[in-house]
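Handing you a structure now.
Chain IDs A, B, C, D, E and F follow the sequence of writing; residue 1 opens each chain.
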Amino acid sequence: MRLSARNIIRGKVEKIEKGDVTAVVKVKIETPVVITSVITRESIEDLNLKEGDDAVVVIKSTEVMIGKE
Amino acid sequence: MRLSARNIIRGKVEKIEKGDVTAVVKVKIETPVVITSVITRESIEDLNLKEGDDAVVVIKSTEVMIGKE
Amino acid sequence: MRLSARNIIRGKVEKIEKGDVTAVVKVKIETPVVITSVITRESIEDLNLKEGDDAVVVIKSTEVMIGKE
Amino acid sequence: MRLSARNIIRGKVEKIEKGDVTAVVKVKIETPVVITSVITRESIEDLNLKEGDDAVVVIKSTEVMIGKE
Amino acid sequence: MRLSARNIIRGKVEKIEKGDVTAVVKVKIETPVVITSVITRESIEDLNLKEGDDAVVVIKSTEVMIGKE
Amino acid sequence: MRLSARNIIRGKVEKIEKGDVTAVVKVKIETPVVITSVITRESIEDLNLKEGDDAVVVIKSTEVMIGKE
């Protein structure tokens, strides 16, 4: 299956911590990746974000899915 | 500011495509990272996910924030 | 209350599994529904998605709210 | 690829409306489905949600991904 | 309709900026509110977050729905 | 660090309830705030949402991050 999700990144499961109904999974990514973000145009201007800038990608863990091929 | 978000990854803005109220930003990450995910315990069992497994991280672009230091 | 959320679907609670602070709820939907998605235009082109195509809707459980009338 | 996402639902693309960087996609689902949700235990108690209850599933369009097999 | 969402906050629409398929809406909230968050236990410990601490709530605009009564 | 997230709101931690891998955090906000939302243009029209309208902001707890300065 091909997905609309722009961020599909291969890695290796490093750690699984199981809770009662949820679990935390940590995946090690070794290779360089490009991460795609959709943000408001207002925030681009507010951060004065330009191509070539150093930037930080921030993702809440509950937004991250895991797949297995 | 320190954040609860488990995924805070440094990179460089590669491309910005501005729409009218939203924009797409692509950030190149060069260094290895560990990505943390919270999923249901049921999905761990359904995928038979174990430490050491090859896995794929899937993140929808609308879930990705950008920061600037 | 009317909501901006485009996906408001009636069903019946089939199963509730309670954890300590979160819970998993399964809702059975019997009637046909139309599900609305907002994705990047880039992904439309990348998937070559066209009206009439068979497609799969993918939603992470943590993104699903429950209401009661 | 198998996914941790609990909600993977087959349908047919009914309508695509393209914006400049994002697009709205509507997918018609004809068959009954079970939708899985993760909510706080507090909200279960606040709604007095029980198995067998009529309930409404609410999903913001920006949380819905599309796949193609 | 009552919702599982823990954060339901009354205000007044201050500004609407329409794009082609999405729009940005700003809502002014005048009264004190309590905002509920679900984060990993690991992040609680990592931030050394305790009751009484000054804290900052961070919410991506794409995660905010609007309702009308 | 400055963030693209439009909603960055200062408050005080009122309550923390720890589960095994996740936790619920409640933050009291005392001062008026403006909350920014990105929704579909279709929903603006469907709700007939206009500047000056009373409105309700709805946010699922799993979408709320916490920061500490």
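Quick note on the criterion: contacts are C-beta pairs under 8 Å (C-beta built on N, C-alpha and C of every residue); 3 or more make two chains touch, one makes a residue touch a chain.
Keep in mind the model is a prediction, meaning the values are calculated, not measured.
Participant: What are the chains that chain D and chain F both touch?
Facilitator: Both chain D and chain F are touched by A, B, C, E, going by the contact rule given at the top.
Participant: Fit chain E to chain F on CA atoms, both being copies of the same sequence, and give the resulting rotation angle in degrees, nearest 5.
Facilitator: 180
Participant: Note whether the interface between chain B and chain C is symmetric in residue numbering, meaning over half of all numbers used appear on both sides, and answer same or different.
Facilitator: The interface of chain B with chain C is built from mostly shared positions.
Participant: Give, as an integer number of Å, the spacing between the C-alpha centres of chain F and chain A.
Facilitator: So the centroids are 21 Å from each other.
Participant: What whole-Å value do you get for the distance between chain C and chain D if each is reduced to the mean of its CA atoms?
Facilitator: Each chain reduced to its C-alpha mean, chain C and chain D end up 1 Å apart.
Participant: What are the residue numbers in chain B that touch two or more other chains?
Facilitator: Where chain B meets two or more other chains at a single residue, that happens at 1-6, 18-24, 36-40, 42-44, 47, 49, 56, 58, 60-63, 65-69.
Participant: Specify the contact topology among the chains shown, as one of line, ring, star, complete or other.
Facilitator: Contact pattern: complete, every chain touching every other.
Participant: Write out the stretch or stretches of chain C touching chain E in their complex.
Facilitator: Counting only chain C, the residues touching chain E are 1-5, 21-22, 38, 65-69.
Participant: Spell out the residues on chain F that touch chain E in their complex, using ranges where they run on.
Facilitator: The touching residues are 3-16, 18-44, 47-69.
Participant: Over in the complex, which chain F residues touch chain D? Could you list them?
Facilitator: Against chain D, the touching part of chain F is residues 24, 38-40, 42, 60-62.
Participant: Touching chain F in the complex: which residues of chain A?
Facilitator: Interface residues on the chain A side: 17-20, 22-24, 37, 39-40, 42-44, 46-47, 49, 56, 58, 60, 62.
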